[in-house]
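Read through the structure below, which is laid out as structure tokens, and then see the notes.
In this document, chain identifiers A, B, C and D correspond to the written order of the chains, with residue numbering beginning at 1 in each.
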Amino acid sequence: MALEVQTLESAVVRFAGDSGDGMQLTGSQFTNSTALSGNDLATFPDFPAEIRAPVGTTFGVSAFQINFGATSIKTVGDQPDVLVAMNPAALKVNLSNLRKGGMLVLDEGSFTTRNLQKAGYADNPAEGDTLDGYQVIKLDISKMTMEAVKEFGLGNKEALRCKNMWTLGLMLWMYTRKRQPVIDWLEKKFAKKPEIANANIAALNAGHAYGETSELSAHIHQYEVEPVHAEPGIYRTVTGSQALSWGIAAGGELSGLEIMFGSYPITPASPILHTLSGMKELGIVTFQAEDEIAAICAALGASYAGALGVTSSSGPGIALKTEALGLAISTELPLVVINSQRGGPSTGLPTKTEQSDLYQAIYGRNGDAPMPVVATRSPGDCFEVAIEACRLAVKYMTPVMLLTDGFIANAAEPWKLPDLDAIEPFPASQAKTPEGDEAFNPFLRDEETLARNWGVPGVKGTEHRIGGIEKSYDTGHISYDPANHQKMTDTRFAKIDGIAGDIPDQVVDQGEDSGTLAVVGWGSTYGPIEEAVKRARADGLSVSHIHLRYLNPFPKNLENLLGGFDKILVPEMNNGQLKTVLRDKFLLDAKPFTQVSGLPFKIGDLLSAIRAEIAS
Amino acid sequence: MALEVQTLESAVVRFAGDSGDGMQLTGSQFTNSTALSGNDLATFPDFPAEIRAPVGTTFGVSAFQINFGATSIKTVGDQPDVLVAMNPAALKVNLSNLRKGGMLVLDEGSFTTRNLQKAGYADNPAEGDTLDGYQVIKLDISKMTMEAVKEFGLGNKEALRCKNMWTLGLMLWMYTRKRQPVIDWLEKKFAKKPEIANANIAALNAGHAYGETSELSAHIHQYEVEPVHAEPGIYRTVTGSQALSWGIAAGGELSGLEIMFGSYPITPASPILHTLSGMKELGIVTFQAEDEIAAICAALGASYAGALGVTSSSGPGIALKTEALGLAISTELPLVVINSQRGGPSTGLPTKTEQSDLYQAIYGRNGDAPMPVVATRSPGDCFEVAIEACRLAVKYMTPVMLLTDGFIANAAEPWKLPDLDAIEPFPASQAKTPEGDEAFNPFLRDEETLARNWGVPGVKGTEHRIGGIEKSYDTGHISYDPANHQKMTDTRFAKIDGIAGDIPDQVVDQGEDSGTLAVVGWGSTYGPIEEAVKRARADGLSVSHIHLRYLNPFPKNLENLLGGFDKILVPEMNNGQLKTVLRDKFLLDAKPFTQVSGLPFKIGDLLSAIRAEIAS
Amino acid sequence: MNEMTTPQEKLTIKDFTSDQEVRWCPGCGDYAILKCMQRTLPELGATRENTVFVSGIGCSSRFPYYMDTYGFHTIHGRAPAIATGVKLAKPELDVWVITGDGDGLSIGGNHLVHAIRRDVDLNILLFNNQIYGLTKGQYSPTSVVGTKTPSTPQGSVDPTLNPIAFALGSGARFVARTVDTAQKHMPDVFKRAHAFKGASFVEILQNCIVYNDAIWEEITNKKTAPDHQLLLEHGTPMIFGAERNKGIIFNTKSFALEVVTIGENSVTEGDILVHDETSLQMARMLGDLGEKPGEPAPMGVIYASEADHSYVDAVRGQMDSEKGKRTLKDIIRGGQTWVVE
Amino acid sequence: MNEMTTPQEKLTIKDFTSDQEVRWCPGCGDYAILKCMQRTLPELGATRENTVFVSGIGCSSRFPYYMDTYGFHTIHGRAPAIATGVKLAKPELDVWVITGDGDGLSIGGNHLVHAIRRDVDLNILLFNNQIYGLTKGQYSPTSVVGTKTPSTPQGSVDPTLNPIAFALGSGARFVARTVDTAQKHMPDVFKRAHAFKGASFVEILQNCIVYNDAIWEEITNKKTAPDHQLLLEHGTPMIFGAERNKGIIFNTKSFALEVVTIGENSVTEGDILVHDETSLQMARMLGDLGEKPGEPAPMGVIYASEADHSYVDAVRGQMDSEKGKRTLKDIIRGGQTWVVE
């Protein structure tokens, strides 16, 4: 007799297995079904640095975590409630993180001597008392899958590949999610190989049926998570890389400029190159350059020619672009530079997340070389921020640095589709053939924005020469004059600082606009901070969350706003970089709370830090 | 009848002429004679960006300024007392800067219609009232030179080239300097062309004789500047590039390491490459690489192999080195990176000075990537700072950024020769073949310095692999472990921060160690600040001068020291970069006073700023 | 692209001369190249507005300032990459890249390789003075071994890079050479380069009167030139010499080109190799010619073999063929969606 | 350099195998190359302590971790520059550079050009899998036109770079090719590269089983290999084919190499071109061979022509010849000095 269905507020499930076990697919299909059930959610694909590490090793473990709920979900969850471990290595790597008392689903069939050895287990943990304190479900998933797909006559290896669908079926049952979207997807994906599609569907159904019919249902609850109360609209799930790419495309359409995207592959920035390369329909030129320098140079060349150049990389590649960025600043051409941050320094931890390139973004150039810096906070937010980067670049004739990170790039969340027609366009203005004999001056400035006059090749009468040498304020020609250099330096700063007047005032994301403690964050720490502040406030603490999108210049009300708090805590996944900028600009005693482990913050850790700061 | 000789405390003379007029030679020979007379001095070679701009144009004007005195000379002087203008363009460019009432020596012979036109003079300024208010000496130097060298049978062009020696002779007379050192130098330089040597000497003597015998002496004073009261010792004049190169060589000898210098030419850094290339006797390998990236990479490769790698460039080139610098930080190899700063951003003002690469030095990398930063304050200071950079690099196994600038690189000052034997050596320690079966761990750290264990190829038993991926604290092997990354990040910071305990406490360069105002500077602003503070103090103001050599980490007493002042003023030839670091580190209201004109500060401007700050 | 199709009035050298004072050393070979370009562009029917000069950094790279066209004086070594972006964004532009032996072959070598490999439709002019002019005379990758400069006071020891071999090794399909003083020859080379669809690489031997004077003396001096230049013409035997009695043959034993004298050792005019500018093998051998004493330096079009595809067209073609098939809205709605009411 | 002259015990493959777990995809061609290297080094009399592997970034560039020698896994594309520094500092070391088609020919192309041009005594092994493995399968400069990858969903349009032509264009004096599966052939190539004084460039055709599987199938498959490989041996006619009846001739009309069948059109064995590894012209033509259908890919030493100078020796020689002539004290006191008492 089945137990009744329990209703949950939210749940965290982590799928873990060998790189070859298809955990990323399992996770994203579970995500999809969950999204279609109307839950809010956040995901964290956590794959190994190796392309295909040897089977069964701990460093070859690939995992996918999802947090979903009936209320707003901001993080992937500190600790899974359920861990699915498809082999001993997956158990080894992930067990320590499972919530005490949490559920553990193990594929017993993979706990062979050889696999145990590879994972570094002397004894079989599935048998001893290692797993005491967890709710353990041992199943021979491998065997049951083979059984389920027998009729399709697949080879051994191919048949075993369906294991993940069996598991997915079970989990869909457990959380009362629909199978149909997965079935649809399988049929589409394997349209040309129906036997594979059918085998996978059979495995999925078998896993589901196992839950429903087996004894399992006698001592395991089935759960239900109610749909979240979300704004009306059409939704889909979106990853940061997708939303960012679409935002860039939108930026091109809104400015009326062709996008010329120059890039060089690098983890975790490559998905943007891939996404945009698949969007040629929109008149986007993508160029895989010979290196990052050529990538930014080609983008800048395109901007010079009248397009909107965009380039994208991660830390080491952005470092290489530094010199050319200086040229973009000096020639005052529009350019969007996307940095998908990863663990550093140097090659660092390419597949792990970090936000340690803020110094580089704000300060990391030779000469006095100011440029706007904006940051994304979540996958969906990437869309808006990308558009904003394009807007600032075009309106102010300047390169703009857009900071995102490896976590955001790969994570997915439900996203309400924007109404593209409702977004205010920002048509670029390019110089026209001058009337009469008027000389064309490329450095004539718009009085309000201080943006220079964008003359583009192909237009008669605006022929001109520019370059990286200092230019005369009055004519745009080369000038070595001392007073002019001062004036141009001042103007370059004034132009960027002036953007503060053209961006929204900083809002308080949660809490009052003054009080004891302001927790100030930027980037992908948004979720954990939001959640930690929520809990702190629930405990009655006077704490507010302020999350910055604009890092240079800061919104003009920020100084005042922060001044209204007794204390400022700045949690960052770096050694304290935003803290430096805040202290410099506002002379406020901003306290850093840092974590440089390649992983997102845990809510619990943030909460402790908030408590400690308030108590101090 | 000659006027009596007047004694001066100090004098500022500026030689200006066409690029082809040999003003740099004239200036440096005048400097040499002045140095040999025992004066203190400072020089400022100010040449055009063009290699050889068309004759007679204003942008082709080359100048050399010297300030010399009987007391300590710290700057090149705000305004020349004497301007020598060898052609109309030189007058045009330099006149506005001449002290009101100052002396103007003009070569009338060059004030031809064509030259006036090229300089953009409608009327001949030598004839109207433009020069009223100056003490003008118009001489047909060209003609008198031709006369003087007639007997040597040179061609017209070659004969005219002796003009600068004629002028030098006159100036040597005016300031009662010896001719003999110049004669010696000419004889040596033109040893193979005695007729050229003799013609030049004849011109020199003729100029001198002109002063002595002509009517000139009837209304022009001759001046004397007493020798400065300097520390006993042997002296010479030295430019920043020389002293820096010698300091690097000394660093090699003191550490017992071969220096491998990898560089790529760039203004104003090239003289270091040139100087070291001429010092092969000392076992210094110099390598002109294909670009700045290869230059730093080759230097780093040499360090990996057990030498001390050194690389040198200016802003745009340093930008290119950023990624490789990250590798040096991650692999913790010794490396000295010299940045001869110039006007930016981008190509900027290559021949002008600036100190706007401090942000880049301290913050300008991806990831959390700390490294020590030191700066030179004057030509002679370069020697010590270069040695210190080598010491820190070797002792702490870290790249070190050494900041100097275009002004220091080319300027000369008297320098007391150091006693090389008295400098404390800092022998590098490299791992030896381990005893027995002990495994070699390249990331084993010295407990005190936290420097890692330097194993070098060629030694048996210390074979190991390193790279830019994060390494295990315990084994040095690749590690993606979150906690390990945190530990390594913390250790990298702790190592660099720990250097604060191994450097001298910050001294107050002038004034008390507390009071109303501390003027905090770094780099080549030393002279102007010192002088301005001196004058302010003479006016009774409570102001002290603190000049930093160590920019990261700061000396450990700095926070306390600065805390003793009511106000902090930070003059910089950038938009306020040290100010940022001070505010971040110490949360002190450091006020920027900035100038970004490609020129050194004027004492007068600094003095006004000091007054204003104290009054505010 | 408003003005671009308007018929042009006939332009002259003046129309291509900017108002900026030229700032090279008096006597620099760059002047002659500049004049020649200003003179040739009108003959090509070029317009100011559709002509872009992109350069790196170096004396030579100041070239764009003096042309009254669009000009971009960029950063050291990166001109080919920037020009690639210009051309990809606006294929209708005539894009000229101006670079030096340091700018193009030292720091910028890789961008040159890839612009050439991709066969981007650029006209690349490399001013080879075998020295770094702008930074005051250090040796460059093309400096001959033993060159004494401030960075090589005992003489350079690095083997020299041959620009022609380098370009061909990168897959160049148009390679030519001319020299600053050749005011008749140069325009023809410019015209051929301009007409070529794809990356055209032109080495221009250029004299730096200040730091490396007279290195091309044998080739440019009227007296010695005939014996030291081999003027190439497609389909014509490769004969040279003051007396037009020297020629080039292919020696099948040594498997290399060889200089012979017509009339000696029973060599006749008929034995002389005929220049075939479409032969890659011949081009490679001609690229080496002149390295040994007694060998003349080939001048003119060494290799020209237009590809049947165009890189820029192909890139934009992929875009054009897809254009309009989906809109951004379609893409965004492309995944599985759900509705919240 | 304490230990370096101690006589070595005989080393084995084990001695060159590090304790690090190898982390390539199962079936990756890199495994075979690694094993071959570990096996060959003892045969070369190499010592662990004097052997250094320097690599860039890429799957291939993880190679040094698995060798129990000195190893430096550096940054993307820069290995040749770093290795140059290693060699200049310690010429007695055996320095191997490991790079990929992306690492060495895309981002690192220029350093490769200049290491080769300078003829620095390095053994450069370029693993060519025609793809970016580590970043999950984007196309590389050696990918054939039309390659569909995540960054070229409609197929790549960039013409391909030929690594052999590229190296020769850079002035290479040693160029060879082998393939991951050729466990007999590869050691010989390694030995020749190692023995060569100067920059030795070796292209290793390598299979990426995950992102570009089977591109070398024709060459490596036992059945098809004889018809698709041309095994080069200096001084031996270039004959190949399952029936050993195909050969290479130089066609003086087309001025190019050509595949012929012995016995057809009265071609005899004597007509077949004899491989001369010292001929630059022949090397260039061999570099092109295999691009057209029906042509075999040359394997083995394509070009080897040792220079009579050595770059590293020359650099250090300039230093050694001056050494001790002046001390730092002499230099510092070298100018005009004065004394203050």
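As a convention for this text, contacts are C-beta pairs under 8 Å (C-beta built on N, C-alpha and C of every residue); 3 or more make two chains touch, one makes a residue touch a chain.
This structure is a prediction, so every number in the text was calculated from the model and none was measured.
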Selected interface, B-D versus A-D, where C-beta contact pairs are more numerous: B-D
Between chain D and chain A, distance of the C-alpha-averaged centres to the nearest whole Å: 39
Centre-of-Cα separation between chain D and chain C, whole angstrom: 29
Whole-Å separation of chain centres (CA-atom averages), chain A against chain C: 45
Multi-chain contact sites of chain C, meaning residues that touch two or more partners: 75, 106-107, 109-110, 113-114, 141, 154, 315, 318, 322
Multi-chain contact residues (two or more partners), chain A: 59, 280, 290-291, 316, 323, 326-327, 331, 346-347, 467-469
Overall pattern in which the protein chains touch one another (line/ring/star/complete/other): complete
Touching residues (chain side chain A, partner chain D) in the complex: 50-55, 57, 59, 264-267, 270, 273-274, 277-278, 280, 286, 288, 290-292, 316, 346-347
Chain A contact footprint on chain C (complex, rising order): 1-4, 6, 18, 20, 47-50, 52, 54, 64-65, 67-75, 78, 81-90, 92-93, 110-111, 113-114, 315-316, 318-319, 322-329, 331-333, 335-341
Residue numbers on chain A that touch chain B, as the complex places them: 49, 59, 314-316, 318-320, 322-323, 326-327, 329-331, 341, 343-352, 354, 356-357, 359-360, 362-369, 467-470, 480, 482-483, 485-486, 489-490, 492-493, 574-575, 579-580, 583-584, 587, 589, 595-599
Contact set on chain C toward chain D in their complex: 106-110, 113-114, 117-119, 141, 154, 157-162, 165-171, 250, 252, 255-256, 276, 279-282, 284-285, 288, 307, 309, 311, 314-315, 318, 322
In the complex with chain A, residue positions of chain D that touch it: 21-26, 57, 59, 75-77, 106-107, 109, 132-136, 138-139, 141, 150-154, 210
